[in-house]
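My questions will all concern the structure given below.
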Amino acid sequence: MISPQVPHGGPEVRVPHHINDPVIRSERLPNIWCPGCGIGIVVGAYVRALQKSAIPRERQISISGIGCTGRVSGYLNLDSYHTTHGRAIAFATGMAVARPELEITVIAGDGDLGVIGGNHLIHAARRNVDINVIMVNNFNYGMTGGQHGGTTPLGARTHTSPYGNVETPFNIPYLVAAAGASFVSRWTAMHVRQLTAAFSRMMEVKGFAFMEVLSPCPPTFGEFNGFPEALDMMKYFRDKAVVDHNADLSKIAVTARPDDSVVVGNFVDRKRPSYQELLGDLRARVQAQGVAKK
Amino acid sequence: MSSADAGGLKPGDHFMMGNFACVEGAILAGCRFYAGYPITPSSEIFERASVRFPQVGGNAIEMEDEVGSMAALVGASFGGAKVMTATSGPGFSLMMENIGLAYITEAPVVLVNVQRAGPSTGIPTLVGQGDMMQAKWGSHGDLETIAYSPSSVQEFFEFTIQAFNAAERFRTPVFVMADQIVAMMWERLRVPPAEEIEVTQRLVMEPAADQDRERVVFDYAKDFIPMPIAGRGSRVNVDSLTHDSRGYPTTDHGWSEKMTRHLAGKVRGHAREIWRWEEKFLEDAEVAVVSYGSAARSALAAVKYARAKGVKAGLLRLQTPWPFPDEVVEKVSRKVSGLVVAEINAGQMIHPVRENSRCPVVGVPWAPGTLIEPRAIVDAMQAVVAS
Amino acid sequence: MKFEIRITGLGGQGAITAGHVFGSAAALLEGKEVVVTEGYSPYVTGGWSRADVVVSDEPIDYPLVSRLDALVTMYQEGLDLNMKMVKPTGVVVAEQRLVDLSKVVGDKRVFPIPAADAADKLGKKVLMNIVMLGSAVALAAPRSLEPLKKAVMERFPKAAELNVRALDTGADLARAAKGRSIESLV
Amino acid sequence: MRAQQVAVQKKEIGPGAITREPINAAKFHKPVSRVYIIPERCKECDYCWTFCPNEVLELSDEINAAGYHHPKVKAGKENDCVNCGMCQAVCPEFAIYAKEEPRQ
């Protein structure tokens, strides 16, 4: 039933370039991530938020740490920085203080930001440094071959917890909200539209804007924990995610068990003075007093 | 080159602590960003920076640890700021990780290490010079280090400015290896007029055409490569991984070789321009002391005393321990019958001295947490002359 | 000519400040070569602290004191630990009520100064260090007090006059102390 | 094989579903779109065709240089892509997108 005014579709068309290619370093594709890895989806969501943002592309900065998610910066056609393991937020803090007009986004993994860099995470949230931080949480150390970390659920099996993990993991949004961030959210790699919307909101937020993105890690975490295919975990996210923006954050720890639900949402969006604003006020106050030259 | 910043200390004579003089040198050199973590005996640098930097439109921020401090410095350096921190041994150890980041990403950073006594926590309030080898070998992988070692408040001020100039020119971390004595002592500081203070500005990369994906951003054939500063549209990937001329990570042997040679070569190839040293009474010396930092003041006292006793003694003071001024040491070693290395540690710089000398070299191991006593150096010199 | 002085006291008494004032006067106003070094116990307050000042007409190589021309002490151990460093021709300026001088009776180098009481009379306890400094200079390095006065005025612009009076008081007490023997005090 | 399983599952949701037509439906047009693919970037994660709401896609028998089957438009579904953007958004590889065909 196609009227003459309506165009015809047709079979797929093979092309050399993607419509997002101007925003990425497409010459570096295919990327290094495993089939079904959620990191690429996060990159796509970030790219679409970049395209929508009114902030000039020159001022958009991407900073990563080390590990699988650490490679994100290298695929973005921005001023990008691939730093050291755990230190991306500290690196970003320095740049953000030196250049408050930049829109800095840190994209890194759970082990990177939440474990080795956990101290930088909570202190940046405490200071409310005006940066965006995306933590792609795949529940384990992927690049080194699947070891347990500070976000690995209790009981989960990895190469270094072969009998089940005996460490209680961080409930990351609860932690970051308690530390003082202006914006705290959690989504999954399956929530592709909410991811982009949250990215866009984070670029507007003044202060520390944080998002945890739960992501499949098929070859290491998934295989041992009831999600043999990447698709299994994506379906888990689709079927078991409960959107609750007003969730009690103390109760949203992730178990990553196929029968348990996962609470997602934009949990915190509040106004607190950012670190850069407070530093700017301080400078203005000091300079108004005049510099008594000795 | 341009001249010093107008926001700095008034020209003329001041009576000042070494740690304070260091901060004033940094401000005159154009430094406007400090990220630190307090540690004895360097804390006055952070305190003074906290007072002074906001006055001149800069920031002095406290990070959660030294690891974060050094990371923040590299970030701010790529933000275009001239950056510094100060620490002591324990903090220096923590900073090693991101000193390596600064090195491989070619970020100008100035780090002042006010050395104290002992390994681990050691004796925080007492003097040592035990971090000299750490400065050279502390961060993993091949690193070519530039380090200054001041012996007076005046030099602490001047070497801080020179450290910034070297850091900006060579785009590399540069250390000022001070010590507790020179940091805590008060002396007269003579500040020259701003126009007489030469200040080096870094080479900055021009914005790139958006779609020019094939350009060579890092031309390793050149020693000095313009720095891609965030927010100017250079669209460069800055990477802690070994990277090719476009800044992309690579495991290619050729690029690994090229990048590593470039990083070391830009310092080694210009070592003669970096070297600074002072010679005293070397013309007719039969024995010479090699020393640096506050220890060199004891060495000078020892040399004068020995001369008064009829021993033809001389002093070679290394103002830049790294890159090691091998030719200078070798030349001196050919003139004397022996060298005595006076330093406040169990023997560190004695190793490159020995490696480059043509005469016997003896050390004066010294680690009680005090300035090395001239008497010990005189004894060593007399033993060298007697043998 | 080289002159070495150690000023020592307990945290809060201002020993290090007195050293800085003396050092800056000599360096900036008298054109001397000066090094001031500091030392203190690991306790932030309450522990000992000291300033060592070397003044010379020549550039100073070894920066630390070795043989004291003057020792100024405002606590007991400051005397006990440092007497052995004082030259035979040196002077020891001790706070009369804070330091027990019974063990050094007969030592002609030692001068008790009632600086604490004098500071109380001036209306500010914290002036004790400046009173002691005035005494020390009058006894050990007789010279004009003018550069020192300028230095305290610069250092304490809000209490300039009071500090100048403290220096004068110290010098007066020094003159009085010269006429007294230690025996008469113990 | 897997494609068939997913299709069966989707059909199972069908019974009991109530569909209603908006009264202002005439004001809207249903976009007809084309699917564009970059086969060499595909790693056969199965996301695009699994999560395509209109079941427009399936795996091709062809493989790319890395040995992965890339997606293709199902026979008979050529006019069913409405450019919802799901395939593009859920693709981790920047290997697929859809674009609305210009209206004549």
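By written order: A, B, C and D. Residues from 1 in each chain.
Following the convention adopted for this analysis, a contact is a pair of C-beta atoms (placed from the backbone, for glycine too) under 8 Å apart; a residue touches a chain by one contact, two chains touch by 3 or more.
All figures in this text were calculated on a predicted structure; none of them were measured in a lab.
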Chain centre separation in whole Å, for subunit D relative to subunit B (CA means): 61
Euclidean distance of C-alpha centroids - subunit A vs subunit C, Å: 62
Mean-CA-position distance for subunit D and subunit A (Å): 27
Subunit B and subunit C, separation of their C-alpha mean positions in angstrom: 37
Graph class of chain-chain contacts, one of line, ring, star, complete, other: line
Which chain pairs touch, all of them: A-B, A-D, B-C
Subunit B residues within the subunit A interface of the complex: 7, 9-10, 14, 32-33, 35, 54-59, 61, 63-65, 67-69, 71-81, 83, 97-98, 100-101, 105, 207, 210-211, 213, 228, 230-241, 248-249
Residue ranges of subunit D touching subunit A (in the complex, touch as defined): 29, 32-41, 43-47, 50-51, 66, 68, 71-73, 78-81, 86, 88-95, 97, 99, 101-104
Sites on subunit C touched by subunit B in the complex: 20, 23-24, 27-28, 33-40, 42, 60-64
Residues of subunit B touching subunit C in the complex: 13-15, 124-125, 181, 184-188, 294, 297-298, 300-301, 304, 371, 374
Complex interface listing, subunit A residues touching subunit D: 2, 5-21, 24, 26, 29-31, 33-41, 43-45, 48, 190, 192-193, 196, 229-231, 234, 238
